[in-house]
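In order of appearance the chains are A, B, C and D, and numbering begins at 1 in each one.
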Amino acid sequence: MKQLVSLLFLLLCCPFAMHAGRIVTDTIQSRVLGAPVVCNVYLPSHFEDGDRRYPIVYLLHGFTDDYTAWRDRGQMQTVADELIESGEAAPMVVVMPNAGGADIMNVWNGYLNLPGWAYEDFFFTELIPTFEQRYRAIGDKAHRAIMGLSMGGGGSTMYAQRHPDLFSACYAMSAWLSFDGKNDYPKESRPYLLQEAVREHSALRFVENADPSTSSGQALLQQLRTVRWFFDCGDDDFLFDQSVRIHQLMRDRNVKDELRIRNGVHNWEYWHQAIRTALPFVSREWER
Amino acid sequence: MKQLVSLLFLLLCCPFAMHAGRIVTDTIQSRVLGAPVVCNVYLPSHFEDGDRRYPIVYLLHGFTDDYTAWRDRGQMQTVADELIESGEAAPMVVVMPNAGGADIMNVWNGYLNLPGWAYEDFFFTELIPTFEQRYRAIGDKAHRAIMGLSMGGGGSTMYAQRHPDLFSACYAMSAWLSFDGKNDYPKESRPYLLQEAVREHSALRFVENADPSTSSGQALLQQLRTVRWFFDCGDDDFLFDQSVRIHQLMRDRNVKDELRIRNGVHNWEYWHQAIRTALPFVSREWER
Amino acid sequence: MKQLVSLLFLLLCCPFAMHAGRIVTDTIQSRVLGAPVVCNVYLPSHFEDGDRRYPIVYLLHGFTDDYTAWRDRGQMQTVADELIESGEAAPMVVVMPNAGGADIMNVWNGYLNLPGWAYEDFFFTELIPTFEQRYRAIGDKAHRAIMGLSMGGGGSTMYAQRHPDLFSACYAMSAWLSFDGKNDYPKESRPYLLQEAVREHSALRFVENADPSTSSGQALLQQLRTVRWFFDCGDDDFLFDQSVRIHQLMRDRNVKDELRIRNGVHNWEYWHQAIRTALPFVSREWER
Amino acid sequence: MKQLVSLLFLLLCCPFAMHAGRIVTDTIQSRVLGAPVVCNVYLPSHFEDGDRRYPIVYLLHGFTDDYTAWRDRGQMQTVADELIESGEAAPMVVVMPNAGGADIMNVWNGYLNLPGWAYEDFFFTELIPTFEQRYRAIGDKAHRAIMGLSMGGGGSTMYAQRHPDLFSACYAMSAWLSFDGKNDYPKESRPYLLQEAVREHSALRFVENADPSTSSGQALLQQLRTVRWFFDCGDDDFLFDQSVRIHQLMRDRNVKDELRIRNGVHNWEYWHQAIRTALPFVSREWER
């Protein structure tokens, strides 16, 4: 029987085995949040073989999803292995942190600081330094990128807007960039606070407010120009208008970005394609 | 030497020769315009072999271009041959009529009726009936489509808006859909009249004005829904906002359309890619 | 709380709900096999609304997989919904029959007739007639196609080779088309019998043996030309040589086919992309 | 009138003007050949602004074509500008040297050394050193690539095989890699000599002869592994078999390469698409 198994293994698995990275699950005890945060981390093949340092990407999930979404529904290992193997993407570490869950009334969703849940503080003061040391990130702006879908596309954009010194590239898929409507959730509930935070930190208004006729606006815009931006959204996505709007605003303020509208809605079919553009995009200035 | 030539011919040309359509140049004497109008017409392979009737596409050029643009810069014969051969597009006749030229002060540019140059009248009362008989078009709405770039993308959209009973599909590339600015051309010059006509017949306002709360608006929208619409524009095209806007307007009025934003500007690189999506799109309901 | 749920539902699910088909699981009691065969069947949106008849596709899984593979790993419902909604594919019924399983020593894998397991007989005398009536297939060659991956790509090709009167199109992904090696499985075991059947019914030799210098060969080739063929395989797939070889053989015998080699190996990343080409390919002559 | 012209210019040309490179025509007096050789050279935008050194690509034309082919039929300036602007390709210098012409009996075609026309010697001892100094190439293997179509695809492959220390990447489109047939040209005529040289320097046999069981073969293969190889050919190209064959040979000798088979024949539609993959491929390790 052993022989059989090995034949089958050869038949079915051999092509993958050659250059396979892997995804490990790791936890960081956050003092800021007073709670552990679980992350999946993609490590490229040969990561364990030496002490090489790698570029790093933060890959953010959407509302009601969690740190398993990109691994399981996004098939990150296969996708990353394939793109790195063909050279379309550079070998990199991909951190998929937890920032949500389906039980939205009892689990915090979101990347911004909410009252009692300072996730953004955690992200920048704990997650980045800890994981970049733990996983041998190069650790400079030039070799750090951020990307995500929906709420995570908004989170990526807001993070890169407020920390342009930390990210070389930002790729936002079907991004939730602002909230202007009526907040239907029960007052002070977790999703209520999330929506209010998105309202307050609107990525659209952030660009609108960067007034090129003032020196502070000029300085801010100059900083935004040091990030490479990419927005990717389906033509039938209910958040379509937001991706278009930020592209128009950035264009009008001479902050170069890329926009793509493909066929699709707000679903994993779309994001599964998007990640194949996203990893090569952020890799463009990275060594192989 | 003859042997050499035939060897070379075999080496270089044989693959094309098998299923090659051809482009003929034909002229229609327009009584409406009081002038001849030259057209290039793509005929699929085997067109001459029988009396089969074909679907027909009107393919419109842009401002300052003429009827040679799609043939020469768009490489229409090669593209159409290839897409038909692979089955991605159905065998069809493609009419590329003249509606412009580089000498804009002395040559009429445009698809709308201008004072003294009723091109739209010519198009519908002379060009369509004459050429559809001459080139064996099936001749019904289901087997007629319209497409074009820039000024021709606007022309396609306006024609299909005002004659939804005639076209099954409309594919507008980098479309010039409206004009709201100051008209800098000399009063009553040809480009001045063109811009004023685009202002008057804005394809954006056409949709805005279709008020679903009125029965006439409802009826109009119902007619628009019988056309399959596709807008395709580069993210750095100076007409970007117009393609996005018509998509939003049509979506909000429940007129289904497709929108794609790819990388690019207002140039032939973009349109050369677009035509590869456009011919398959209009072919979808046509027999092969 | 009900309100919350419905808001979330709106936010996350609304876009899908509009034109969603569904996948039902159905069983056919096979007298030929003396066993039930389970199938997943994709039904397009509005299937239940009338008595319209549809084109039908048989979509075959690979070795060690079963009838759930295309639904779960291939995400068939989302993919089919999206392609039909955009018009790239025609509304169709997709039958995903069971022909295997991971426990290869105790479960029959394969589409050919094996001693004691006449699956091909079952397929043509029971599955096709029963399911095409049950699911309102149009039921003629023009509106029937077959496709599959790996062992199912081989099965599709062999079925279409031996029943060219039944299929208008065949799309084979990473196809297992022949077996020439040493059979390492225990004699008379199920995988042993499968490999011997593939050896005997090699799709490559089938074309090689169609000798255009004989009238029977001519007749056979003429029949093969009534099927539209498509082979799609990764450049690093261990079955790469077989897809290339059948393309060369068919080309040399003037049986037109399509071949695509994309980046990839023998995995679901590849097939997930392939299905997006396959459904449009077989749809090209079908009404929408 | 000046105002009009500038308006038109703005309308039509502005988007290109921002990041436009340019193509210059330059001549090198070859002592090896005893003749001048004309080249087109693409220079990226801002080339003249400083003394920055660039990666360099040699882009080879096909049989019967000349140094104008990639510029005019391949639309190199627009394509390169666009890919560099979007970041898909790195800023680079592209040298398009002359190595042929339509009058094949009286003009030398080919990249190999022919009796009386030592083009390969010219290329490596004169063209590379002269132009890399003249156009500020970085000038090392890591920042030098070669690519071409048909005869130029063969030339690229043979050059990179015999000078693996000079090129980091080789992209061969529809490559003419070997010649095994009867040479129908008049003995000692220029095309006759060309075909005999291709026969002698077959890129296929070059790999076949690299015997991994010998130390010299091992050493050679080890050198080939330092080049990144890409073969790209249409499924209906008459040279299809050669691209497939070299991929199989290299795979079997553990020299990693990429192979893509797309829809198409031996024509500019194909190469126009291919160049959009080729420039990003060779750029992957280059700084932006």
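Everything below uses one rule, namely that contacts are C-beta pairs under 8 Å (C-beta built on N, C-alpha and C of every residue); 3 or more make two chains touch, one makes a residue touch a chain.
All values derive from a computational prediction rather than experimental measurement.
*Asks:* Going by residue numbers, if over half of the contact pairs line up, that's a repeat, so tell me which of B-C, A-B or B-D repeats C-D.
*Replies:* Repeat of the C-D interface: A-B.
*Asks:* So which one's got more C-beta contacts, A-C or A-D?
*Replies:* By the number of C-beta pairs in contact, the winner is A-C.
*Asks:* Centroid of chain A to centroid of chain D, CA atoms only: how many Å?
*Replies:* For chain A versus chain D, the centre distance works out to 38 Å.
*Asks:* Out of chain C, which residues touch more than one other chain, so two or more?
*Replies:* 86, 236, 258, 263, in rising order.
*Asks:* Given the complex with chain A, which residues does chain B contribute to the contact?
*Replies:* By the definition above, chain B touches chain A via 235-236, 240-241, 244, 247-248, 251, 258-263.
*Asks:* Along chain D, where are the residues that touch chain A in the complex?
*Replies:* Residue list for chain D touching chain A: 86-88, 228, 258, 281, 284-285, 287-288.
*Asks:* In their complex, what parts of chain B are in touch with chain D?
*Replies:* Residues in contact with chain D: 3-4, 7-8, 11-12, 14-16, 63-64, 75, 78-79, 82, 86, 104-105, 184-185, 191, 236-238, 263-269, 272.
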